[in-house]
Amino acid sequence: MFKILKYSFYDLMRSRWSYVYFAFYLALGFVLLFLNNDINKAIITLLNIIIVLTPLIGTIFGVMYFYNSKEFTELLLAQPIKRSTIFLGQYLGISISLTLSLVLGLGIPFLIYGLFESSAIFDFGLLLVVGSFLNFIFVALAFNVALSNVNKIKGFGYAILMWLFLAVIYDGLFLISLIVFNEYPLDKYSLFATMFNPIDLSRILILLKLDISALLGYTGAVFKKFFGTNFGLFVSLFVMVLWVVFPVWRINRKLRKKDF
Amino acid sequence: MHKISILLITLLFSATSLFAKQIEVCATCEIKTIKEAISLADDGDEIIIKAGIYKEHGVILIDKSVKITGIDFPVIDGENKETILSVRADNFSISGLKIINVGQSYTKDFAGILVSRSNHFTIENNILEEVFFGILIEKSHNGIVRNNTVSGSGMNQAGSGNGVHMWHSSKMKVSNNTVFGLRDGIYFEFVKHSEIFDNISYENLRYGLHFMFSNNNEYHDNIFTNNGAGVAVMFSKFVKMKNNQFIDNWGSASYGLLLKEIYDAEIEDNLFSENTIGISVDGSTRINYKRNTFLRNGWAIKIVGACYENDFSKNNFLHNAIDLSYNSKINTNTFNNNYWSDYTGYDLDKDGVGDVPYRPVKLFSYIVHKTPETIVLLRSLFVDIINFSEKVSPVFTPDNLLDNNPLMQRTDDTN
Amino acid sequence: MIQINNLHKKFGKLVVLDGLDLEINSGGIFAILGPNGSGKTTLIKSVLGMVIPNDGDIKINEQSVLKKWEYRNQINYLPQIANFPANLSVKELIAMVKNLRPKEANDNDLIKLFSLEPFLDKKLGNLSGGTKQKVNIVLTFMFDSELIILDEPTTGLDPIALIHLKELIQKEKSKGKTILITSHIMSFVEEVADEIVFLLDGEIYFKGSISALKKQTNQVDLEHAIANLIAKENV
């Protein structure tokens, strides 16, 4: 698997898009910091960008790579290598290269700016961790979609739809359900609904670290009690891990039946 | 005979006031307790308490205009029994004392210093620690309370009292005090024509400042930080609040400032920073908000009851999660010339005023108002989208609630 | 060498292989022919494990290969469309495939044979179709395996490369290898194949030598013989 990972990774590291992505984050980091002059505020702006863009880019990259490397994959499939090894290798290759672009692209400007002397270093660290998770989650989801769709255009469409659902539509439904069931206690429900969407979960995790917990606490102690503690953080990260593990597991399952 | 005796008494009195004596109290002095000193004192006398520990409580000063002065902060330890020093006199002063361990009670308001029905007095430079109530003043006038440090270690609201507590008084000046660890830092009820300034009130269980039924007062240049619920100003008219700082009142039901049933107030040049709610306004009318800065609050201003004819101008709204929450479709309040960090308009004629009006009430804040649980969707892309659509064509938020002349640069303020 | 029993494969509702039985002995060149959509590629991919059959069994050297992967070390496969990761160079690709297979490779001879030296450092994305196919051939023939499967090997090749390819195939045959070829170029098939396997409607319609086929159809050349086979079926 390591060999496949290595080759996929090198392949991506040399592709123009990795650089574009890296350069984008680099520019973003610099612009935010040097326009705002305030690490804390830059982190809030980054949050908005990361929870929307990272999933989108992970999805697009995942789907594109899957379809574009179809022939390469077939070449590999004819080699004495296990199927799951090939795809896990490719999956990790993309996820790691995207994550590297993110971490370096944002890390460099923040380091230059003097992150280590700032109290925001943990918030920033959490932001990167969450961003990385989102990369791994959405590349895995994209692979799932691509594996289920032979047609490239269809697969691409579904993948974007999936992103749209998790980034926007889910929240819309969530909001409507909250308004409709206004009469009932909704704290536990909200908690669950958040867990079922990695984007929402990431958003809440970072918001809480950015000390907006009191705003959430306003709606009820449940949220605050849960997310405000280390236990909550641990459970949230665990759920994020599940969000990676489950799609990867499904990739493996799909692969067993898949024809190339 | 009768006339002569009156003359003699008058002479005697004027003599004592002319030749006021000093009474020293210390462990090795002739007079060893404060109680004894007070009983010996006459009008105009000065009681000088030297450094040492005096285990006394229930000390009462009545109808004697004396000056009580501590040297090097003598400690008066009430041993958690009752009120330590009670005064009912005019023209007295208390300074330089360290008063500790006031008794706690669920039925009586024990205080470090209790002043009632007094006029023209000064309480200054005292340290009060482990108090139930600190300085409790009732039905008194023309007093000065300054440079005192009052603290408690209350764990719950019922088991602690207030730092500087005033009731049915007027023309008081409360300044340069530091109060913390109490229920309410400073408490005013039925107090008129008084001034509160340069105080620091922090880490109190309930309010940094609590203000009820007190008209025509002014408070300025105070700092209120990290109090359980912030500052509450209720049921009062003609209050001026200037240059105060309301900082870091985070909590599920905290705010920088709570206004309830306030009429004709001036709120100017204050800083509201990192509070769950900057100002929570309930049923308050004809208030002018000028040059205040709202920085990184959850809600900068949350209007919950009917509020009419308030004017907001030249304020800075900087990076609040929600700038304004408004509950009604009717609006008679005006917003003009404020700086909004969320403003995305442009200024083509370069006059420093944005060419497009700003709508401070977002659809999301309206929704959160109706269903508080929806706050969990804060900063979601979906929320940005619905906010944008509401901005383009307002349906739920009052049509006329807008700042027609939003500033392009934040207004200059001292904060 | 290869035994295929009762192989079934459907893609959705489309039945591609319908109870196919086939036995291929060791040694020799076998051409798998058939009209478009007859299941040639599906058959090859089933053997390679890239397509998962719905039913039936495939054995190589008496061992079932379904759900296995190690056996592929004994198969060299030339895929139909040569498309490689665009950002790798030819050299890196060869190194990579060598890296992935734990066996000896004689890539240098083949590179020389196809004059690929000038392209070694070029990115694969910048190569012409013919050059890519040459790289493809190098990758296929550089290992020493018992079974060689070539899917449309002649695509895009110039005459000289074609001659080299034919030589390579004959050389492997002489070593006693089993070679499966699919091709639409009948002259190529006629030139190299020892035996024809003709697929139609998911079944083996004919299996035998070229001369036997000609005899059976009364045709002088292979092209017509094949056309005849298809036509007969349609009558």
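Read from first to last, the chains carry the letters A, B and C; within each, the first residue is number 1.
One rule holds in what follows: a residue touches a chain if its C-beta (ideal position, glycine included) is under 8 Å from a C-beta of that chain, and two chains touch if they have at least 3 such contacts.
The structure displayed is predicted, hence computed values, not measured ones.
Each step here moves to a touching chain, and the least such steps from chain B to chain C number 2. Innermost chain of the displayed assembly, by C-alpha centre distance to the whole-protein C-alpha centre, is A. Farthest from chain A, judged by the mean position of CA atoms in each chain, is B. Chain C has its Cα centroid 89 Å from the Cα centroid of chain B. Averaged C-alpha coordinates put the centre of chain A at 47 Å from the centre of chain B.
One finds 42 Å separating the Cα centroids of chain A and chain C. Residues 3-4, 7, 10-12, 14-15, 69-72, 74-83, 256-260 of chain A touch chain C in their complex. If you check the complex, the residues on chain A that touch chain B are 41, 44, 47-48, 51-52, 167-169, 171-172, 174-175, 178-179, 182, 186-187, 190, 194, 200, 203-204, 207, 211-212, 214-221, 223-224.
On the side of chain B, the complex with chain A involves touching residues 250-254, 274, 276, 298, 319, 321, 367, 370-385. Interface residues of chain C, counted against chain A in their complex, comprise 11, 45, 48-52, 67, 69-73, 75, 77, 79, 81-88, 92, 96-97, 99-102, 139.
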